[in-house]
Amino acid sequence: MLEVKGLNAWYGESHILHGIDFEVREGEVVTLLGRNGAGKTTTLKSIMGLVPRREGSIKFRGAELVRLMPHHIARHGIAFCPEERGIFGSLSVTENLLLPPVVAPGGLGIDEIYTLFPNLKERARTAHGTRLSGGEQQMLAIARILRTGAKLLLLDEPTEGLAPVIVQQIGRTIREIKARGFTVLLVEQNFRFAQTVADRHYVVEHGRVIDMIPNHRREASMDKLHEYLGV
Amino acid sequence: MFGFSRPQSIAFLAMVALIAVCPYVLYPVFLMRVLCFALFACAFNLMIGYVGLLSFGQAAFFGMGSYVSAWTIKFWHVDAVVAILLGGATGAVLGLFLGYLAIRRSGIYFAMITLALAQMVYFFCVEAPFTGGEDGIQQVPRGHLFGVINLNNDMAMYWVVAAVFIAGFLLIHRIIHSPFGQVLKAIRENEPRATSLGYRTDDYKLIAFILSCMLSGVAGGTKAIVFGIATLTDVHYSTSGEVVLTTLLGGLGTVFGPVVGAVVVTSMENYLAQFGSWVTVTQGAIFVLCVLAFRRGIVGEIGAALRLGL
Amino acid sequence: MIMIFGIPGPLLFGQLLLGLINGAFYAMLSLGLAIIFGMLNIINFAHGALFMMGAFAAWMLLEYAGIGYFPALILAPLIIGAFGILLERTLISRMYKLDHLYGLLLTFGLSLVIEGLFRNYYGSSGLPYQIPKVLQGATNLGFMYLPNYRAWVVAAALVVCFSTWAILEKTSLGAKLRAATENAPLVQAFGVDVPRVITLTFGGGVALAAFAGVLAAPIYSVNPDMGDNFINTVFAVVVIGGMGSILGAILTGFGLGVIEGLTKVFYPQASATVVFLVMVIVLLTMPHGLFGKRA
């Protein structure tokens, strides 16, 4: 579904990505693992077109995305959930939820979303998006992109800064989404969490993909992983 | 010398030489106009170039300096130097009050607030009796400097203006290269850092503003004496816009940019005055072109091409 | 005759109405400025010039095409709004990557060019524009005579201002605009064509100014300086209201118009400066403006 080859990216003068290669097949949950500053978030942002200077190839269902603008990339069926969650403070919870336009058929309806995220239904009347707790904001950030009909979801560190109970909830949510046929590319530093949801892991270091570990073979690779992630 | 770098010293000496020679080649009155506006632009440049704040209301200080100098020399018969200093003092005091109100904001807000405050000064001048309203203060005598030198002689007046300009120019330069100036530079580059180091940044910015306003008042006062008139145009926002244009065209933040800008703009206005409103259109067009494609200004581009800081 | 605070009733109410009218223009113009500033982070110095162009468009439509006032109320904003879009696409959009001050300087330059050209072509004396027949005359309210056209101006301004507010605060389009003001790249990543939204927002703000221009045409004669006369006070209004809120711009505009009108009655010499005096007080006590967001 998604094929990234030789992706290079710059922020101004800084050369962050030095040739990222990986692929994501339809229906998979794939993680990008690595330490801080490895380039994982930059990779997601590059796919989404949010990094000003990028070169290489990003093919989504055969279409080349690397030269496109973010709103065109979104319309191909990719949705982005940023690290900071990006909940708009001047919008109400419902407005936040309904903001991303529908880009393709097949997205979840409002009722389905409220079934998946009952907390959000309770808080729907809240006037300001930022009044939600961190966990609720994360749920909202994921919920709103499920409505759009996008088939590939890019999630940037969804569990960061959240309590273990909420982390488990997010894990359940991701497995549920997967069961409904979404494809997820996940950036994570927390391997404990990543192994509960992912099919495969790519390890990113210094702007390159240096290894790929299928989830069912993770036991055998534990030492390598400890070294990569500095855990 | 004076903290100028080598190329700057050369440029400075060249400038002084030109100032000394030009009145024998060009009309002294035209040159005096250039020098007054050059000083005004240098004062403006202090704020935008070294403090990083765009003041869109400098006409208030230029114009009030003009009015006060005109009034004191005409009705109190003070010496020209005293009148100019009073003009500068007016600029400084007004700068203190208006600056206090504006300094807590920055960027666009500062620009808008200074514009609005200057507009207030303009409306005040329209109403206030001492400004003479639409007529302004006319027939301002130049008098005798120190009671001896007859300033009605254009050449004599010219040397006075030249001296005022050079003094102001060097004063600005000294300010920039003093410890005070270093703090200003730090504030411009990273204000939160400067605050965390214990500097009361608003105070520093305010003092710089007051100095800039003082010199604007000096420029205005000098202009009033040279041309014998102080009018509402001096406090009108078009004068504020003009000094911004002058500095932008010459080169924001450069040492000699404002001077070059003043030469170009004054010459252009001189030439275009016969064409009525085309002056405004040309000014606007230059603004647009400079902002789009020529942001470093004349001196900035020359400096970049020669790789010198000018 | 009713006397209020020693002033004859009709005089007081007459001035209040004049104040409301000025306030209507302040509100419409500062609303346009606030919208443009919110989306583009640029102070549109050319706003006064575009207001003037709106009035001229109405005059030209009548003079050269025989198109009257009411169609002009729609056509002029469309024409001048389109011109604004052209400006944004060709010139203003180049300013987004630069320091915000350059945008201010660019629009200032544009205002000089526009006003200079009109002054050259049409001179500074005003061109007359008739009040449309249906709005001529006055209504006797008992305590004062209410000139119909002026009442129409206030009513039209109120409708336009509050419609704009409603669109921004209550519709999904408005939600997209508010979100784009907060985090434009993310909104774009959701599939919204943000550059186009920005262009249309600028066009909308300009159209609002042009609409105000058409309303102004019969009252103030159509002349190249009419933008100037308003815009400097409007900047003070904007500083007082704070740049944060749409509602703030509307309320501050009307409010200051009324204050100005009342000052004309009780203390005429200060009427030109009272708005600025209010600004001074606000700057001393609430530097971010009455409705501004604490930075």
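Details
Going in written order, the chains are labelled A, B and C, and every chain counts its residues from 1.
Keep this in mind: a residue touches a chain if its C-beta (ideal position, glycine included) is under 8 Å from a C-beta of that chain, and two chains touch if they have at least 3 such contacts.
Since the model is a prediction, treat every value here as computed from it, not as a measurement.
Using the contact threshold fixed earlier, the set of chains in contact with both chain A and chain C is empty.
Here the chain at the heart of the shown protein, by mean C-alpha position, is C.
The chain with its Cα centre farthest from the Cα centre of chain A is B.
Once the centre of each chain is set as its mean CA position, chain A and chain C turn out to be 44 Å apart. Between chain A and chain B the centroid-to-centroid distance comes to 55 Å (mean Cα coordinates, whole Å). We define each chain's centre as the mean of its Cα atoms; on that basis chain B and chain C are separated by 32 Å. Those residues of chain C that touch chain B in the shared complex are 41, 43, 91, 94-95, 98, 100-102, 104-106, 108-117, 119-120, 232-233, 235-236, 238-239, 243, 269, 272-273, 276-277, 279-280, 283-284, 287. Listing the residues of chain B that touch chain C in their complex gives 54, 56, 101-102, 104-105, 107-109, 111-113, 115-117, 119-120, 123-124, 126-127, 237, 241, 244, 248, 276-288, 290-292, 295. Residues 172, 175-176, 178-179, 181-183, 185-194 of chain C are the ones that touch chain A when the two sit in their complex. Interface residues of chain A, counted against chain C in their complex, comprise 48-50, 69-71, 73-75, 79-80, 82, 86, 88-91, 95, 98-101, 103, 145, 148.
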